[in-house]
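What follows is a short report on a single structure.
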Amino acid sequence: MSREPSQQNRDSSSNSDRTNRRTVLKTVGAGAAVTSIAGCLGGSGGTGGTIKIGHIMPVETDNGLGSERSAQLAVDQLNENGGILDNDVELVTADSAAQPSEAHSAVTEMINRENIQMLVGTVVSEVALSLADLVAENDLPFLITGAASPRIFAENHAQNYDQFKSIFRPGPVNSIKQAEYLAQYGQFLSEEHGWDTMAVVSEDAAWTQDITDMTASLLEESGIDVAVNERVALDTNDWTPILDQVESSGAQTMIGALSHIPITGMTSSWSRNEYPFSLDGVMIAAQSPQFWSDTQGTAEYLSTATSAADGFADITPKTSEVMDAYQSEYDSRPTTPTFVGFITHDAINLYAEAVERAGTANHREDIDSIVEELQATDFEGSYGQIQFQGPDDEYPNDVYPGEGPGDEFAPFTITQWQAAEDGNGIGDTDGTKRCVWPETYQNGDHQTPSWM
Amino acid sequence: MSNEYDRSGEPVVQRFTREFLGEPNRYQIASAGVALLALLTVPFWAGQYLYVFALASIWAIFAMGWDIISGHTNYISFGHSALSGGAAYTTGVLVHNVNPDMAMYITFPLSILAAIVIGLLFAVPTLRLEGPYFSLITLLGVLVLTQLVYIYGEYTGGELGITAVSTLTYNLTNLYYYTLIPMLLIGAVLVVVSQSNIGRILRAIGENEAAIESSGIDTTRFKLWAFLMSAITMGIGGAMLAHFYGNITPSTVLVVDRSLEMVAIAVIGGMGTIAGPIGGAFVFIILRDEVLTVFGSTGRWLALWLIVLFFLVFLRDGIFPFIWSRIGSIGGGRDE
Amino acid sequence: MADPVLEIDGLDVTYGKTQALDDVSLRVEEGETVGVIGPNGAGKTTLFDTLSGIKEYEGSIKLFGEELSELSKRDIVDRGLVHCSEEHDLFPFFSVHENLLMGAYPRDDQEAARETIDWVYELFPRLDERREQDAETLSGGEQQMLAIGRALVSDPKLLILDEPTLGLAPVIIDDLDDTFEQLKREGITILIAEQNTTFAMRHAERLYLLETGEITLEGPAAELREDDYVRDAYIGVT
Amino acid sequence: MISDIITILIVGAMISAIYALIAIGFTMIFGVGGILNLTHGALLMIAAYAYFVTQPYIGRAGGVIVGIVLAAVASYGVYMGLVRYIEENVVITFMATIMAALALQEAMTMAFSQQAQVLTPIMPGSVAIAGTRMQYDQLLAFVFSWVMIGMLWYYVTNTKDGRAILATSMSERGAIFTGVDLPRVRRQTWLIAGAFAGVGGIFIGRLQQTSPEMWLEPLTLAFMIVIIGGVGSIKGSIIAAYLIGYIETLTVALLGAPYRVVVALLIIIAVIMYRPEGLYGREYLE
């Protein structure tokens, strides 16, 4: 994968004053044109003084709300520091309800009525996929934060880069990469605990196909017996048969890939019945800082993949900055930014830097400059060092995944729910998260369930 | 239909209205004309609502499709999105798996055919029996179809859906007319059917099926015909929805919630009237996407369902028949 | 003077747009047996349903001096009006005995009700034989007996019987004749609707002729028996 | 092989017992008023959340009692506050109750978020029966189910009020003529149905999940069971509950969970085509 260092842009801020004045003049004119074309109301709908950032997320989920708050935080911080290109920044946020149709309507309105200049968001891959055409048609910079499907880039950019050039994904790494890393994590567990048998259980959804296909075979290749490789129905309520099956297979861990199926029930029945295996994998609900209280503490020993270690390890110096800023602002659920919040915070900031360098935020007039600068991104964010893959790479505009999970580029982390010392856990609980893998960011050992 | 009711006086128009709308007074004719004219000129007076109105037009098609069978005969379908969703998925699966450049003149008829086939699977076993059986089968039908989309995720894209469908247009004005005109045409056809003897028999089935049967009419045949019309309508709407969004996912076109929204629209607008559900779709979508958003994304749904409940208890006939009769009796007022 | 058991005055009942009963007036005094005769569809069943509180009406119906519309269905039964309908309306999956127990439902004195049930078994020995049999498995005549039996268990002050002879074999009708004589000896006030005019005339002291929702003739049974119109139109047809 | 069969027998029995709890109330309400109460699933949800909210304060037994009582009261409330006014129109009632269920779902989402909740076990722990791990709560559900069925059976056959409920479900006119107080019977029926739904809801919520979306599946189940068992028949719904429970367990074991609904639909269609009145049904009245 080719990397394109972007030192040439580092100095662009030195002449920002001149650039800004010119930009303001230019964009006022363009704003008027856009307004009349779109039949929109209001003079400031363009770029005449406010840059509007659209945010689309299922805000009733912890990840979505964490992202929305982090986006607001990023916008507030930008405004304190003079905004973007001397314009005030405004966050326009909408609830996708995790539904492509809702998201499509909301983003259409954001584009036509609010005249947003950039869109950030969505943890839901189907939403990201369904927005691609709409966003591309409007040349709107769209920074995807959370959704991990490789299809977004494989089906769009790889076919017609020019059409979809305005769509980027700052993070996380795509699900193929995640599947690969998950297998590496399995090997780590095997070395750590001497485990030789594992179960892979994925919910029967498109996003987990890579885990069913790749993770299992990679584990096999490294000499681990994958005794179970099951896909379970999305409306699974009763976990007993699956847990029993894993138990009788002799697996020492069940690597799950579970997002749509609520796993609180599974977790508590795993823990309360003391099923003799460990629970690992990609468990979206377990990423929430409130998962410990949701499961009444039965989450202990459960590990999940997540970016930025959900803020519980210092991935970069900025990780704790964002975490602290968030926690001084918000103390209700979710009590941490969630992994999406970190990526969203980074996305807004890297966008700000890119348009500063481009000297324009006017995507309708000058999307090429904006894309060029986004492409040149080399941004130290709160969850990693963010660069994008080039137009000729396999996944153009997708985040550069680095050489391995512990790389400084878009690191992939596993956190485990563990008992907190002195009852000093998240919220008022006894539980906390520790980063157990990769070793670069590790601040706790992977623990096997006490009953194993 | 013409937008010149208000300047009428021509015998043709008078005969038409008498035959199909009962004996409307001139206020009613005028308000219907104004409503139609308003719809046709939306880009000039409500430009920022074009997207919402376009969406409402498609939902109006669905609500009419529901209404011609369920609203008329009182055989309540809780799974009509299986028909529209089946059509949308047919378009998607063809484009996604067979040929990405397949022309609409091939996918469109096949999608409608799919809606008919799915519809007949619902209808044949149940329509000769009483209402609840039909409701249960439609409810299960939509759940099964949703499940099948996941089971055959290889072809349907599972929950991620199919993005290969081409979007109709990004020009909102064009989008609006692309949805409005078919909706009005379907509406015209279904209003004619609804006001004809067929429609009267269907409504009579809804009121007292035994009585109609004892007068020697084969009610099952009429129900099947109504269902066929419904399926065709749903097929057209479903294929349109696929091209409206340019992508198809279970939650967008298929899940049972979509079916219940159709029921809600018809209830608000006025069941068994065809024209009512058209208006109902606009009221519902505007409430959902514009007005009730003040209650937040969950709160608006709560408010919506409570509003529908209010209609069921206090204004069973729906808002438009109510307004229509008010205009008819007092004179004055506006809207359809 | 005591109120009549039932006094109907200017009763109108409609089904949607069709008038089922038109200005019907009728009275039943205590201890009397009154018959309503007339062809099928004249409105007899509508009249009886109205008396049970199932149909809305206009005009006046006084049951022991109380306006019927002010009583709930339950109150009507409490006042002693017990309806034995044309369709029997038995409880098909209850045994004969359970059906009779349901007859005892409105009574406060369950002990007395049990005695009445024993009396009904005496009255209809065939029911006694079939105590544990489900009602739906009984023959038409047995169902009629059970329906009357259930009504009697409710301790009626006014028993209204809709077409008790409908579809019954002549032998069974003979049995019913005996039953009726016994009921009259017990002093129960009875209002009976019959297409079988001869049966009604055998038992009723006074008769009303109901045709297409209107009372067209009324008088003592003996008087109507001699009436040419009634004789031509209604006697001998069954 | 043998142990698989035993597993299916046991697992099927446990889940069927809960299905029976869910279906009985639904069929009773249909029996006495001809009403298909589509809020039935939402009553389960209310009970599960009631247990979830109150259990930490008043203990497990207290939580169960509050859950049952609240579901019964909610059921009563749905009847008195909504259905009573529209019950003469079956179709309107049908639609109004599903709208009410949707409204309840949204209200629950607002109050508790979409997140599925975990209920504290009523009886913690589990036991292995013939190699199958059974939570005590599953066994408890089975016991509860049969105790409640026994109590209901005693009530409808040996008490005056209970017999009136059964009588009304057989013949409404017959009930009127024998002086049965119909409004009272209906109120009682809704209360009883609510209590059954409450028990079923706590166990479903405990053993599966408690979330604002948990109402639809039990409702569909109740609907299916009642059609298969014969509308209005309590006996039929118990037998059909076991039939569906076992068929589901078998389907999951042999074909996989996604085929549950598919198989259920095929069975329903077969029943509707060849025996529309169900196993123990009379012809669908009115």
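Labels for the chains are A, B, C and D, by order of writing; each one numbers its residues from 1.
One rule holds in what follows: a residue touches a chain if its C-beta (ideal position, glycine included) is under 8 Å from a C-beta of that chain, and two chains touch if they have at least 3 such contacts.
This is a predicted model, so every value here is computed, not measured.
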item	value
Required steps from chain B to chain C (each step between touching chains, minimum)	2
Label of the chain whose CA centroid is most distant from the centroid of chain A	C
Distance from the mean Cα position of chain D to that of chain B, given in whole angstrom	33
Distance between chain centroids, defined by C-alpha means - chain C, chain D (Å)	41
Length of the line joining the C-alpha centres of chain A and chain C, rounded to whole Å	79
Chain C: positions in contact with at least two other chains	none
Set of chain D residues in contact with two or more other chains	109, 258
Sites on chain B at which at least two other chains make contact	147, 150-151, 296, 298
Pairs of chains in contact (touch as defined earlier), listed by label	A-B, A-D, B-D, C-D
Chain D to chain A touching residues, read off their complex	11, 15, 109, 113-118, 120-121, 124-126, 132-133, 135, 207-209, 211, 217, 252-253, 256-258, 260
Residues of chain B that touch chain D when the two form their complex	74, 76, 78, 125-126, 129-133, 135-137, 139-141, 143-144, 147-148, 150-151, 206, 256, 260, 263-264, 267, 296, 298-299, 301-302, 305-306, 308-309, 312-313, 316
Interfacial residue positions of chain B with respect to chain A in the complex	43, 47-48, 51-52, 55, 147, 150-151, 153, 157-161, 163-164, 167, 170, 172, 245-247, 249, 251-252, 289, 296-298
Footprint of chain C on chain D - complex, ascending	160, 163-164, 166-167, 170-171, 173-182, 282
Chain D-facing residues of chain C, complex	52-54, 72-74, 77-78, 82-85, 87, 89-94, 98, 101-103, 105-106, 150-151, 154
